[in-house]
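Look for subunit A in each of the two complexes below; its partner is subunit B in the first and subunit C in the second.
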Partner chain A sequence: MTEQLLQLLPFAVILLGFYVLASQRLRACVEAVALQGALISCYPLLLHGFEGQALMLSGGALLLKGIVIPLMLLRAMRKLQIEREIESLIGFIPTLVVGVVVAAGAFLFADTLPLALEHHHSLVVPTALATMGCGFLLIITRRKALTQVLGYLVLENGIYIFGALISKVLPAMVEAGVLLDLLVAVFIMGIVLHQIKREFSTLDTQPLTELKE
Partner chain B sequence: MLSLLIIPLPLALLALLIPSNRWRPLLLPVAGLACAALALPLVFSSQLVVGHWFSLDPLGKLVLLVVSLLFAGCGCYGFGYLRMRPERDNRVFVASMLMFLFSMLLATLSRHLGLLWVAIEATTLFSAPLIYFNRNRHSIEATWKYLLICSVGIALAMLGIFAIAYAAVNQGVPVDLQLVTLLQLGPKLSHPWLQAGFIFLLIGFGTKMGLAPMHTWKPDTYGEAPGMVGALLAGGLTSVAFLGVMRGVQVMAAAGLMQSAQRSLLILGLLSVALAAVFMVRQPDIKRLLAYSSIEHMGILAIGVGIGGAATFGAMFHLLNNAFTKGSLFLCAGNLQRAFDSKQLDQVHGAIERVPASGTLLLLGFLAITGSPPFGLFQSEFSILRGAFSLHQAGIGIALLLLLGLVFIGMAGTLLPATLGRSTAPVQKKSFGDTPLTVLPPLLLLAVILLLGLFLPEPLHRLFNGAAALLEVQP
Partner chain C sequence: MNLLSLLILHSLLLLLLAPLLPGIIAKTKAFFGGRKGAPVLQLYFDLNRLRRKGMVVSPTTSWIFFVGPLLAVAVPLTASLMLPFGGLAAPVRFGGDAILFVYLFGLLRFFTASAALDTGSAFEGMGAAREVSFSCLAEPAVLLVLLLLGRLAGSFSLQQMLAPQQLAVAWPAQGVTLGLALVTLLVVVLAENARIPVDDPNTHLELTMIHEVMVLDHSGPALGLIEYGSALKLWVLGGLVVQLSLPPLLPTDLAATTLLFIAGQLLLALLIGIIESVMARLPLPRVPALLIGSGLLAAFGLILILR
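Moving on, here comes the complex of A and B:
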C-alpha cells in the first residue's frame, strides 16, 4: 500500500506542477498549489510510518501548505480584485515544454546521485528537483506578483519533499521554525502585494523596473 | 550568553506598546548599547563556551563583535535620524529593527545548522519592513525584489543543509544537524552529496551576502533603504550570511573537500569583484555605488577564504574592516541625501561645504574602503594579496590588484565631485545639517578602522587567528 502510494505520488505532484505552469486561471493555480501542498504533506508518513514526529510534520504541512496559505492567497485575490488571467513573459506552451525538459533533466541528474538503499525506488529526489524546477520557472517567467508567490510556494514544496527524506535528523523545533518562516514569508509578501497594488494600481511586476542601471 | 539574546525581545514588544513616536526610537540605542556591553566580555573571554544549541567559537565571536558594535552605532544614529522624520510612524520600524538585531544575534550564537537557517531566514523577514520605510514606488519595488530573491536564496540554502544531512543518512551513519556532529563525521560523509549541499549552501547564503551573480537585489535595496538600514545590511547582515557560508566551509574542510570548496569560493569571489568594478565606473547614484562596493568586498572575503593560508587571516580582519567602514559610509551617505534631498551625483556637489562633518567623513571613508593606508583595509587586503602570491596563486593576486585599481577609479569618479568643490544646488528651506547623533557614530566607526590600521591589539589578533584556524584544512 505504502509502496504503491509512493509510486503514484510523484506523478500526481509533478503533473500538478505542470498544470500550474500551463493554466491561465489564477484561482485554479492557487487550488492546484494547495492540492500539491496537501499531497506532499503525506511524504513524511509514507517514508517513516506513523510516528510522532512524522505525524507532526505532516499535519503542520497539511494545515499550512494545503489550507492556511492558499486561503490567505485567495483572500488577497478577492481583496485586490486581481483579474483571472495570468500574463507570462513567454507563452504558456513554451513554458510547459521547458518545464517538461527540466523534469526530465531532474530524473537524469538524480540517477547520478548515490541514494541510500531504502530510498532507491521512491523517486523522492527527482520529484523534489522537478518540483523545484517548476517553481523556478514560475518565478522567472510570470509577471504577476501573486504568481511569483505561487512559484515560491512550489519551490518550497520541492524542498519539503527532499526534506522528508531526512526529517528524522531534524528536531521538531527546527521543523516548526521552518514552517513558521514559510507562513510569515507569505504573510509579508501578501502585505507587500497590497502595497504594490496601492502604489501602482496593478499587480503586474512589469512597472517594477524603474530601478536599474 | 543567553541574556544577550533575551534583551531585544521585550524591547521589541515595548516598541509596539509605547505610544510616543518621539521617544520610541530611544529603544534602539538602549538595545544596541546593552547588547554591545554584554557581547564585548563574551568575545574577549578566553574560555570556550560550548553548548548543545548555542555556543561561541572564534568565528561566531568575530561576527558577534561586528554585529553588536555596528548595531550600537546605528542605534544611536537611528535615534537622531527618526527625530528628523517625525511625520513617519516608526512603530513597526523600531520593532523590526530590534527583531532584526535578535535574529542576527541568534545566527551568531547557533551551533545547529537548522537553527542557523531559521535565524538567517528571520533576518530577511524582519529587514523587509525596514527597507520599505520610505513608502514610495521605489522602495516597494526594492522591497519586493529583496524579499523574492532572498527568499529563493534562503530556500536553496535549506536544500543545501538537507543535502549535507543526507550525505550522512546515505552512508547509514546516524546524524543530526549539530555542527559538532557533522565536523566529527567529516570523512565518513558521502562526497557527491556533500559537494552538492555545499554548492547550494554557497548559492543560498551567497545570495544574502550579495555575491555575483545572485547580487541583483543589492543595488536596488541599498539604494532605496534609509542610510542606517543600508549600514546594518551591508555591515551586519552580510557578515551573518558569510558566517553561514563559513559553517559550510568548516564541514567541507572536515570531510577533506577543502580544495573543492575553495575553488567555488574563488570563482564566485572573482566574479563579484569584477562585476562590481565594472558597474562602479560612472555610477551616478551614491548609495548604489556603495552597494556595488559591498558586492566587491563580499567578493574579496570569498577570495580570501578561497586562497587559504595567510589570506584567510586577512579575510577575517577584512570582515571587521568592511563592516565598520561600510557602516560609516552608508550613515554619511544618508546624511548627504537628507542635506541635498537627493543621492544623485548631478544634485550632490561639494558636500564638505554644505555638511562639513559628513562630507569629510564620506571622503575619508572612501579612502578607507578603497584600501588606502593607513586604514585597516589596507592591512587586510595586503594580507590577502600576500597570501595569494605566497601560495602560488599569483594570477589571482594580479587580477585582484587590477580590479581594485579599477574600483578606486570608479569610486573616485563619483565620490570626489560629490564631496569636494563648490556646492551648487540651492539650499532648501528645510535642509538638514550635521547633528551630533548623526555624525558621531560614523566618526567612531571610522576611527576604529583607522586605529586598527595603525595597531592591531593582541586580543583581536588572537580572535582573527582563531577564526582563521577553523577554516584551515584539518589534519
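Moving on, here comes the complex of A and C:
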C-alpha cells in the first residue's frame, strides 16, 4: 500500500505542477498549489511510518502549505482585487513545454546523482527536483507578484520533499526552519504586494526593474 | 478460431454495433438536459432514411467529392482490422502496423478536407483548415502514446501492444505511465471525433463548426456514409482507449473479455456524453493548448519508461 502510494504521489505532485504552469486562472493556480502542499505533506509519513516526528512534520505541512498559506493568498487576492488573468513573459504552451523538459531532465539527472543505495531509482529525489524546477520556472516567467509567490511556494514544496527524505538524520529544527522561512516569506511578500500596489497601483513587477532617480 | 471466421466476427462487431455509440451519447446528453431525447437506435433509422434519398451534387465538384464519403467508411473498417477487440485478436497484424493505423486516419483526413475544398465553399475551406491544423497537433500525441505502448510491449504491432495478457503484466508495473497514456488517448478521441471540448457536433453556425462544416454539401447516401463512418471511427479510436483500460484482472475466457470490451465501449460513449454535458466548448485559440498539453503528458510518460 505504502509502495503504491509512493509510486502514485510523485505523478500527482508533478502533474499539479504542470497544471499551475499551464493554467491561466489565478484562483485555480492557488487551489492547485494548496492541493500539492497537502499531497506532499504525506511524504514524511510514507517514508518513515507513523512516528512522532513524522506526524508533526506532516501535520505542520498540511496545516501551513495546504490550508493557512492558500487561504492567506486567497484573502490577498480578494483584498487587492486582483484580476484572475495571469500574465506570462512567454506563452503558456512554451512554459509548459519547458516545464516538461525540466521534469524529464530532473528524472534523468537524479539517476546520475551519488545517492544512498536505498534511494536509487526511488521517485522521491526526481520528484523533488522536478517540483523545484517548476517553481523556478513560475518565478522566472510570471510577471505578477502574486504568481511569483506561488512559484516560490512550489519551489518550497520541492525542498520539503527533499527534507522529508533526510529528516531522520537531520534534527527537526531544520524542518521547522523550512516551514518557518516559508511563512516569513509569504508575510514579506504580502507586505511587498501591498507596497507595490500602493506605489504603482499595479502588481506588475516590470516597473521595479526600471531605475529612477 | 480460423482467420476467416475471426475476420467476419471482428468486422460484424464493428459494423453492427458502432452506430449505437452516437445514440448513447445523444441519450446521455438528453438526460442531462432534462429531455427525453431521440431513441438510442436513431442513427440506424437515419442511415436507412438517407440510403433511400437522392443526392444533390454541386456542378463544380469532381470525383474527389465522392472519395471523401467512401473513405469515411473504408478507412475505419481497414484500421479496425489491426486492432484487437477484447479477446478477439486482430485479423491483420505485422510489426509496425501501428504507424499504418495512424496514417490511415491521416489519409481519411486528407480526403475529407479535399472533398470539402472541392466544393469551393468558403465555409468548408475554413473548416478544412481548422480540422487539419488541429489534427496535426493530435497526431504526435497518438504517435507518442503508441511509442510508449510499443516500448512497454517490446513490439510495434497493435495486437502485441494491446493484448490483454500483455496489459495485465504492464498495468501493475507501469500503472501511472499507462494512466498518462490513457488520458492523452481520451483527449485525442474527443478531438478526432469532433466532440466537445474541441468541436461541437450539434452546432448550427458555420463559423464555429470544424468537422460538421466540411460535410455541409454532402447529401443523401453520401451523407449517410459520412455519418456511418464517423460512428465507425468513434468505435475504432474508442476501442484503443477501452482496450487499454480493460482492467488487469481480466477473465482469461475469450468470450467474456470480448463482452467486457463491448460493455467498455458503451461505457466510453456514456462518459463522452457526460463530458459533453458538463463541459463547455473551449475557445478555438485554447484548443491547441489542450492538444499540446495532452501530447506532453504522453511525452513525459515516454521519458519515464525510457530512463
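Following the convention adopted for this analysis, the second predicted complex is superposed on the first by the 207 of 213 C-alpha atoms of A that agree within 3 Å, B and C clash if a C-alpha of one lies under 4 Å from a C-alpha of the other, contacts with A are read in each partner's own complex, and residues count from 1 in each chain.
By definition in this document, contacts are C-beta pairs under 8 Å (C-beta built on N, C-alpha and C of every residue); 3 or more make two chains touch, one makes a residue touch a chain.
No experiment lies behind these values; they were computed from the predicted model shown.
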item: Clash-or-fit label for the pair subunit B, subunit C on subunit A; value: fit
item: Superposed arrangement, angle subtended at the Cα centre of subunit A by subunit B and subunit C, nearest 10 degrees; value: 150
item: Partner chain in contact with A:V169 - subunit B first, subunit C second, else both or neither; value: first
item: First, second, both or neither for A:E156, with subunit B first and subunit C second; value: first
item: First, second, both or neither for A:L89, with subunit B first and subunit C second; value: neither
item: Partner chain in contact with A:F107 - subunit B first, subunit C second, else both or neither; value: second
item: Which of subunit B and subunit C A:V97 touches, first, second, both or neither; value: second
item: Smallest distance from any CA atom of subunit C to any CA atom of subunit B, in Å, after fitting; value: 20
item: Set of subunit A residues, in rising order, touched by both subunit B and subunit C; value: none
item: Contacting residues of subunit A [partner subunit B, same complex]; value: 112-116, 132, 136, 139, 145, 148, 152, 155-156, 159, 162-163, 165-166, 168-171, 173-174, 177-178, 181, 184-185, 188-189, 192, 195-196, 199-200, 205, 208-211, 213
item: Contacting residues of subunit C [partner subunit A, same complex]; value: 175-176, 179-180, 288-289, 292-293, 296-297, 299-300, 303-304, 307
item: Of all residues in subunit B, those that touch subunit A in their complex; value: 112, 114-115, 117-118, 121-122, 124-125, 128-129, 132, 135-138, 140-145, 147-148, 151-152, 155, 158-159, 162-163, 165-166, 168-172, 175-177, 190, 192-193, 196, 219-220, 223-224, 279
item: Subunit C-touching residues of subunit A, taken from the complex the two chains share; value: 7-8, 11, 14-15, 18, 22, 92-93, 96-97, 100, 103-104, 107-108, 111
